[in-house]
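What follows is a set of notes on a single structure, which appears directly below.
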Amino acid sequence: MSAPEQSTTTSTLERPTLSLRGVNKSFGAVQVLHDVHLDVYPGKVTALVGDNGAGKSTLIKAIAGIHPVDSGTVEFEGKAVQVTGPRDAARLGIEVVYQDLALADNLDVVQNMFLGRERKRGIVLDEASMEEAARDTLAKLSVRTLKSVRQLVSSLSGGQRQTVAIAKAVLWESKLVILDEPTAALGVAQTRQVLDLVRRLADTGHAVVFITHNMVDVFEVADRVAALYLGRVAADVPISEVDRTQVIELITSGRSGELGLAPDALED
Amino acid sequence: MSSNTLTAAEASGPQKPAAGFEGDRQDNTVGGAVRGYLNKLRGGDLGALPAILGIVVLGILFTILRPGTFLTPLNLANLLVQSTPIMVLAMGLVFVLLLGEIDLSAGVVSGVCSAVLAQLLVQVGVSWPIALLAAIATGAVIGAFTGSLVGMVGIPSFVVTLALFLGFQGVTLRIIGQGGTVPVREPVVRALANENVPVTLGWILAAVVAVSYAAFELWRWRSLKSRALAHPPLVLVVVRVVLIAAVVFGVTAILSVDRALAAAIDLAGIPYAVPLVVLLLLLLTFVLSRTTFGRHMYAVGGNAEAARRAGINVTRIRVMAFVISSSLAAISGILATSRLSSVTPDAGAGNTLLYAVGAAVIGGTSLFGGRGKARDAVLGGLVIAIIANGLGLLGVAAYLNFVITGGVLLLAASVDALARRRSASTKR
Amino acid sequence: ACGGDDDGGNGGSGGGGGGEAAGKIGVILPDTASSARWESADRPLLEAAFDEAGVEYDIQNAQGDAQQMATIAEQMITEGVTVLAITNLDSASGAAIQRQAEQQGVQTIDYDRLTLGGESDYYVSFDNTEVGRLQGEGLAQCLGDQPANIAYLNGSPDDNNATLFSQGAHEVLDAMDQYTVVAEQAVPDWDNQQAATIFEQMYTQAGGDIQGVLAANDGLANAVVSILGRNNAAGQVPVTGQDATVEGLQNILAGNQCMTVYKPIEQEANALAELAVALVNGEEPEVDGSVEDTEGDREVPAVLLDPVSVFRDNVKQVIDDGYQSAADVCTGAYAAACTELGIS
Amino acid sequence: MSSNTLTAAEASGPQKPAAGFEGDRQDNTVGGAVRGYLNKLRGGDLGALPAILGIVVLGILFTILRPGTFLTPLNLANLLVQSTPIMVLAMGLVFVLLLGEIDLSAGVVSGVCSAVLAQLLVQVGVSWPIALLAAIATGAVIGAFTGSLVGMVGIPSFVVTLALFLGFQGVTLRIIGQGGTVPVREPVVRALANENVPVTLGWILAAVVAVSYAAFELWRWRSLKSRALAHPPLVLVVVRVVLIAAVVFGVTAILSVDRALAAAIDLAGIPYAVPLVVLLLLLLTFVLSRTTFGRHMYAVGGNAEAARRAGINVTRIRVMAFVISSSLAAISGILATSRLSSVTPDAGAGNTLLYAVGAAVIGGTSLFGGRGKARDAVLGGLVIAIIANGLGLLGVAAYLNFVITGGVLLLAASVDALARRRSASTKR
Amino acid sequence: MSAPEQSTTTSTLERPTLSLRGVNKSFGAVQVLHDVHLDVYPGKVTALVGDNGAGKSTLIKAIAGIHPVDSGTVEFEGKAVQVTGPRDAARLGIEVVYQDLALADNLDVVQNMFLGRERKRGIVLDEASMEEAARDTLAKLSVRTLKSVRQLVSSLSGGQRQTVAIAKAVLWESKLVILDEPTAALGVAQTRQVLDLVRRLADTGHAVVFITHNMVDVFEVADRVAALYLGRVAADVPISEVDRTQVIELITSGRSGELGLAPDALED
């Protein structure tokens, strides 16, 4: 197995917020992630791209502690960490928007947004303050058709659910924000807001991982591109070093010119 | 042409529409409130309505069939005391059901705890507060054990509690075993189900409950409104406050009448078990609706994976649900013991558990998790108790008793189902 | 792993091990719910008697389930039991067990309940209808000649003995025309909690106008007493019972219960033990007569024992027999009554 | 720059990769097959393993504790007959559990059907085929009723069947009469659980089953392979075929020995109830795995809304599940009746139902729907029956019996849970 | 309430496959669809666009019989029909890919694709023929990372699930194919295939309704555009009559020039 090609041009001097080293992950007999190396830097948006089933969601679930990894090390802010569950991730300052949205259908929008981090006054929930904060955050994300923030999540449209999940994640100003295809279900105006938000997060020093299939979005907001091909990192480079065609080649065949996986790694 | 994303100019169209959430800011009129409520009903969200309907219909039915006896203060007092053990057991089960789990052992756990109580009082001879605490602690420990097997080991709760259902019958048999039944003559324990709160104190308690409820609800409404948060219309709040006050004072009034059948004696006041249940109801309602723990219960029941990803300690929530369920089962056992002043080896076995689950479900708790309230147990428990109470007055043959109980249960459940079905296609 | 081996006194076979011996006695008790006697009295008494005779034995309880009783019987026969005593849960299932036993050459004894249409070789029992009669007579004695409304609280509707008790009582009381039956209900599974509710409702429906209660056993009687107590009427309404439990005796001492029917189980157990030991040793057992099996059209050689009515003044007899201990009965408030009656 | 979509040139990259599905075409080696199986186990998909393990461990345990008796042909024959009623009841429940529903009334339905059978034979005096058919038809009608209430009216099955659980107890009580029992002396009905298939016929039956199973499996493997479809490795197929044949012939051999304790009589052959259960097992396995109906059962249990959207008549599936469950409950009742040659008013009440559900769950059926097989009922039923059988040989006190049964049940369940837990994080 | 502006220029002479007239739909107190008129023509791709929560998914669920409508008529091939459930819809020849994918997680890919329309030989399921057909259809949709068509759907990635749902719908060659955001989770190559497929379906005479938030896709494959604004049809016109900016205006504000809802309809 060949190590993925590493970029040497840009600020690799800066300490990455998150570093993965040699991460492997199998489900039963199927190995989904092979020896993954990945660095995510503060103040930068890293676009994680790859074909359907390449392993992007599996990778970020491994980072978030949803799936335990089989082998490999994870460093957060330079320290090796063991993330054995979402609570560990949250404690470190990792916030994730999952592709299969993790919302409780029987709770309303506010309750979902503050789930696990409710605001309290004494031992009593502070509903008023949570409701206000939820409404503010949602308004920023161009949600215009939501009748009430006290609506049950089960009655929301696909895009509205997506927006709630994004709003939930950005509320916490975490060090590392990971968004798995956040704009897939969003309308034009909402997509615009989310892209702006992603840029704003990075500009204020957060590390952002942004998964998408949309090349235009990649080239609009990303600082770096990491491409997964059949569970291997085919490239992890600054956006300035690649163009659209190259990225698409990396996605569909794992190679583009001298970038990408060595041919022998593809046999397996 | 630049793709899916939008330029700033495009984003703000010619007419910027209102910013949404209009539902939250509306100050509802009376008509609007009523219409909203009807819409909610039509949407299939019946809340406590089926259980209340059940209580009313059954009440009318039995009043017609037994006009001289069903609606007497004596019978109503009996009814309330008869219903308390099942209500308390069902309240505990609500917590377990909220998570989509089941606790088949709750009934026999109440038996084990009763047995512990009885033997501590009779054999060991400890004082009543210690015995009561020990019984409840036994419940809590059992619950922690059950909960660990479910939450940590991950065995399906049906199997765990089925095994414990069998195992604990053996334990009760062992504890009670040699003597057959253990009589409990301790006056305080006996008093719970057999003595009454002095009439004046009863009125004071009632007033405290009604007034503090009203004050709390109105204060909450004001504060929500003043901060422009989602709030129910004032009329609804007032109607609810008035209804609750009416029920509280009504029950107190009825129970304050001398209900003795023999003229010589004096029998009046609220049985002690009733304020106990009210207290539990308020406490558990508070826990479920106003605390983080309660919120997390609903989240785990609605979508355990979402709860886990939100950083909730799902295992802890599961264990706690069983601890609460078993502790309340212990209290239920104490009430049952008090009623008979004795404990038998088969205490809590048989259909006890099924009745309690039935009570919770009829009250509106879902077996699939995520939906349920403490009050469901109280209302559903009342339905079940009325059936037994009314049939007892009718004095029908044993087989008819079974058939009618089943039939009434079915009827009570179908009201709910038929109403919800209208909305079945909108929700899964 | 879970304590599977025989557990000293609680366990079954005195000798442990398999079925190598020529003779072995099997006893299947019916349940743990209808009465406490099976586990708390019969089992230890039989164990003691068998141990003394030095025979191998195996005593089990079917826990109210006829299917389980059949399973246990099969297991015992497999284990090499040569004499099988059962207290059937119902005649027909008992008969099936006995037929199977007979096929395998095992002798059978009916203990406490006659298996109608069965194959039993012997019968040892108290007469259950007689128990009901004693209850009826006892209630009549406590009520006296005054006209009275009486309520029946019968045992489980699916228990044949409950039917017999009730028949016996009706036999006696129906003949006395000063009594009116105002309510009669059966208590499913002998459940005491349900019994309390059922009686409470009877009492309410009758407007408190009940002067006597025929309760089928002490557990049901205690449920009645606790309801009467709540209505401040305990002690004014005579209640019958059965089994002479601690609770029942205490209720009698306190004047809250009229009487109980005491079945000196020791006599019955010893009679069974004697009979079984004789059979297992290949001797001809002694019997005092026979009863007719109406359904099987046969005479069954029988040892029949008499139940005893216990009122306040002969509570002492139960304790003197060692059936209950004074220490258990004469606690707290009951000590005075015990002293008064000379119980110690 | 042209958005998310792709030009034709871009779509076919420099090296066109293989077209996927490589997993389907692999021709597995022996090593690969074993590794695949281990991987499957590690992935938490245990299939029948926990139940089989449970049977083996319990078997060894009781053989050690009762060396002279547990493993004798007589006891094994007893064990099989003892287990048939619970197996058949559990098979029916698998259908209901597959949908994520529950049928608390299955036990008492078996009681009602037994009562009908008994009264038809004894009171009415019809011939045995009519009586048997009538009993099963009664079950089917009851199932249709239950199913309609659940599937059409939409009442939660827990409540419906709880109500019917009570109601049918009354019905049985009415049919049999208070305190009574109805003896069933009909020779054919009695024979089911009490007579044996002639030894030669038994061997022929065994051979037919083993050979046709082998032929079918091998034929299927060949046809899958020849069409390049997903197929298991040949070794696995052969191992499975050999194992099944070994069990079938082994059991037949043991049961063909004369097992009478008294020398005078002759007791050999397979009890009639056993081939009946095998027949039901094959039939129901076929229905679940090879027919549209079975496929739709799984779909409705996995995701009822998806099934509905796929045009499946979900209501019909629900109703049918209860019809099957209740019809099998009737057969279970017939077996129980045959065994005791009588019917009592409490037939099928008590813990019958809980044991049957426990059997299905231990066998591997999920209570949440979508996962389950007919064989689960057979394997789980065997576990439950071995516990009762073994404890019967040990002859422990009543309370210990309860405790040990519970403990063993728990143990059997935790094997499964612990293994599955490893994969808990990958699936919800 | 004003009727939506109707296009008069193109082939409205041809009989529409599906016509909605005055369809209304509320959930409890919330009215989601207001007096919807819509025509879908054979051989044409109708793009249904609208903001998040505009009511697109609700509308197609009403057509498919998932939600009963409150009022209004539905005509299929000129005949008024009552679609009271998905089975009615399937019988008429309507096939839908839902946004909230309707797959049974406990079944494998083949079983899901043929759910409700299993192939049989006698009474026995014909697994072999179904497996072959499923594999062919999936291969056409550029699914390259799927290990086996006997994999459980629960183990598929988001895009793989999406592809299975699409494949399931196109298997049947129905008269009307409705796709609710089918490309949202798809990679570049897969998206390309689906767009081609949509075009091919229309070109072979099927009526296609295509819901998307992606304007490029709209202008690439659609023949007509129908825009929903807050549950009302703001426009239903041939693609040639509008440009990108107009469509976005219709989506975000319900009006664009003379197209769209009358101003008074917006007050409500």
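Chains here go by letter, A, B, C, D and E, matching the order in which they are written, and residues are numbered from 1 within each.
Here is the rule we go by: a residue touches a chain if its C-beta (ideal position, glycine included) is under 8 Å from a C-beta of that chain, and two chains touch if they have at least 3 such contacts.
These figures come from a predicted structure and were not determined experimentally.
The most distant chain from chain E is C, comparing centres defined as mean Cα coordinates. Look at the CA centroids: the one farthest from the centroid of chain A belongs to C. Each chain gets one centre point, the mean of its Cα atoms, and the points for chain B and chain C are 39 Å apart. Work out the mean CA point of chain D and of chain E, and you get 43 Å between them.
For chain C, the set of residues that touch two or more other chains comprises 32, 39, 157, 186.
Multi-chain contact residues of chain E, defined as those touching 2 or more other chains: 27, 30, 66, 143-147, 188-189, 191, 213-216, 230, 248, 252. Shown for chain D are the residues in touch with two or more other chains, namely 1-4, 6, 10-11, 17, 23, 173, 178, 305, 351, 398-404, 407.
Residues 1-7, 10-13, 17-20, 29, 32, 39, 43, 58-61, 63-68, 70-72, 74-80, 89-93, 95-96, 99-100, 103-105, 117, 157-164, 186 of chain C are the ones touching chain D in the complex. Against chain A, the residues of chain B that register as touching in their complex are 2-6, 10-11, 17-24, 223-224, 227, 229-230, 290-292, 295-296, 298-299, 301-303, 305-313, 370-371, 427.
Against chain A, the residues of chain E that register as touching in their complex are 27, 30, 50-54, 57-58, 99-100, 143-147, 155-160, 162-163, 181, 184-191, 213, 215, 230, 248, 251-252. Of all residues in chain B, those touching chain C in their complex are 66, 68-69, 72, 74-75, 78, 82, 85, 122, 173, 177-183, 185, 194, 260-262, 265, 267, 336, 339-342, 344-347, 349-350, 352, 388-389, 391-393, 395, 398-399, 401-402. Only residues 64, 66, 85-87, 90, 96, 98, 102-107, 111-112, 115-118, 120, 123-125, 127-128, 131-132, 135, 138-139, 142-151, 154, 183, 188-189, 191-192, 195, 214, 216-217, 220 of chain A touch chain B when the two sit together in their complex.
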